[in-house]
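Below are the structure tokens for one structure; questions will follow.
Chain nomenclature is as follows: A, B, C and D, assigned in order of appearance, with residue numbering initiated at 1 for each chain independently.
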Amino acid sequence: MAVRVQAEDFDVGAELNALTTGTRRIGGLAVFVGLVREMHVREGYHKDRVDALTLEHYPGMTEKALEDIEAEANKRWPLEATLIVHRYGRLEPGERIVLVAVGSPHREAAFEACEFLVDWLKTKAPFWKLEQTPKGDKWVGAHDADDKAAARWEK
Amino acid sequence: MAVRVQAEDFDVGAELNALTTGTRRIGGLAVFVGLVREMHVREGYHKDRVDALTLEHYPGMTEKALEDIEAEANKRWPLEATLIVHRYGRLEPGERIVLVAVGSPHREAAFEACEFLVDWLKTKAPFWKLEQTPKGDKWVGAHDADDKAAARWEK
Amino acid sequence: MKVRYFAWMKRTVGVADEEVSPPAEVRTVGDLVNWLRDRSAGHAEALAESAAFGAAVDKRTATFDVSIAGASEVAFFPPFTGG
Amino acid sequence: MKVRYFAWMKRTVGVADEEVSPPAEVRTVGDLVNWLRDRSAGHAEALAESAAFGAAVDKRTATFDVSIAGASEVAFFPPFTGG
């Protein structure tokens, strides 16, 4: 179990190797990598172009929130390994934002727990996205879809 | 879109980098890595120990089957990138067997398509597992659970 | 007690954090919100709609009925948009 | 026409593949199964239970009612256990 919040990029291959080395009880490793997507680009009409994102977070609270979420996943599913790495700071389209990796003896548990972690960290970890556009900075609003995705795991 | 069947191990980090480089339309990358799990090991009583697996496949048909499954996923979900790498030959506990990676603008589509690919390749791609145990070789039987997992995507 | 603001609330209030000493009758997160609104026009604007933001007491998410007694840090922020 | 066997069926039949020339009345995969059973005790054992194995015609999965007319390769194998 590990949680990291950092400005630097992460090496997905190295992270996954470290996670699975030394254990032979992982049958399935489910992984999610979130990337900055080039948004709202219309051919020749760049009104809504996003040049970059800046991720602000709440140092100290972020780590606690991610550890709580990770502990909850380990309580709900039989997991052998979990990892959450989340970046902050300025990120351009194509850059990695977040890595979530879950190893379990069984693939169903790995997939479910990975989706759970991604859904919950979007709504329960203190990050805020500021979009840089040609018209100026714009704070990203919360998505109803993300709230719904997170709510399906409430019990 | 790409499918590979090979005896050699694969480098997860390098494969994912190659998959996402050059496109900025991927917001979420869902990945599954299947590993050989140490099975049925009971402390001091190794009756059911599995020393290794040998994966046999049907060259020529395997590639076609995987390409069909990959095409089906691309028909069902809006995907930007898909990759299936499956190994054959002798594999020891802890070794990687299969890599499935799916990039999409949206994380829900990436997760669903990745699970779909894993479920379908288990039941529709011509691979057979032979277990090496202290008591001799044993062919692995098909799992009802795998059939059920694959069936939920039938329509 | 330190009060911190994040994302657009920080820009609207005009400071990232400030030391405050609310009177004894300010007992909960909700009481603190009411009390802070009077500090400036920026505070009043940022804290106007209680449904538009959340809070944390000592770095744990807290609802507005949670006590701030003994707390060293209270934070206010808009809904999270990470991931 | 080449017939191929995989996994335990290959061991039970005793060969990985063989060239066969079935008579004209052997029209479908099912007909071929019946015809192959008479070739040896190993064939009879491997192909005894039609529910226990599947087939492919020219490297595409095929049910037992599929025609083998013009096919260059027919394969028989137990349920897949990859992934």
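We take it that contacts are C-beta pairs under 8 Å (C-beta built on N, C-alpha and C of every residue); 3 or more make two chains touch, one makes a residue touch a chain.
Please read all numbers here as calculations on a predicted model, not as lab measurements.
Peer 1: In terms of CA centroid distance, which chain is the most far removed from chain A?
Peer 2: Relative to chain A, the chain with the farthest C-alpha centre is D.
Peer 1: Based only on mean CA positions, could you tell me how far chain B sits from chain C in angstrom?
Peer 2: 49
Peer 1: List the centre-to-centre spacing of chain A and chain C in whole Å, with centres computed as mean CA coordinates.
Peer 2: Their C-alpha centroids are separated by 26 Å.
Peer 1: Quick one: chain A and chain B, Cα centre-to-centre, how many Å?
Peer 2: 23
Peer 1: What are the residue numbers in chain A that touch two or more other chains?
Peer 2: Residues 34, 118 of chain A touch two or more partner chains.
Peer 1: For chain D, write out the residues touching at least two other chains, lowest number first.
Peer 2: Residue numbers touching two or more other chains: none in chain D.
Peer 1: Under the stated touch criterion, can you name all the chain pairs that qualify?
Peer 2: Final set of chain pairs in contact is A-B, A-C, B-D.
Peer 1: Could you pull out which chain B residues touch chain D in their complex?
Peer 2: Counting only chain B, the residues touching chain D are 34, 55-58, 60-61, 64-65, 86, 97-98, 118, 121-130, 139-143, 146.
Peer 1: Mind listing the chain C positions that touch chain A in their complex?
Peer 2: Answer in residue numbers: 4, 6-8, 56, 59-61, 75, 77-83.
Peer 1: Residues of chain B touching chain A in their complex?
Peer 2: Going through chain B, the ones touching chain A are 11-14, 16-17, 20, 23-38, 93-94, 105, 107-108, 110-111, 114-115, 118, 149.
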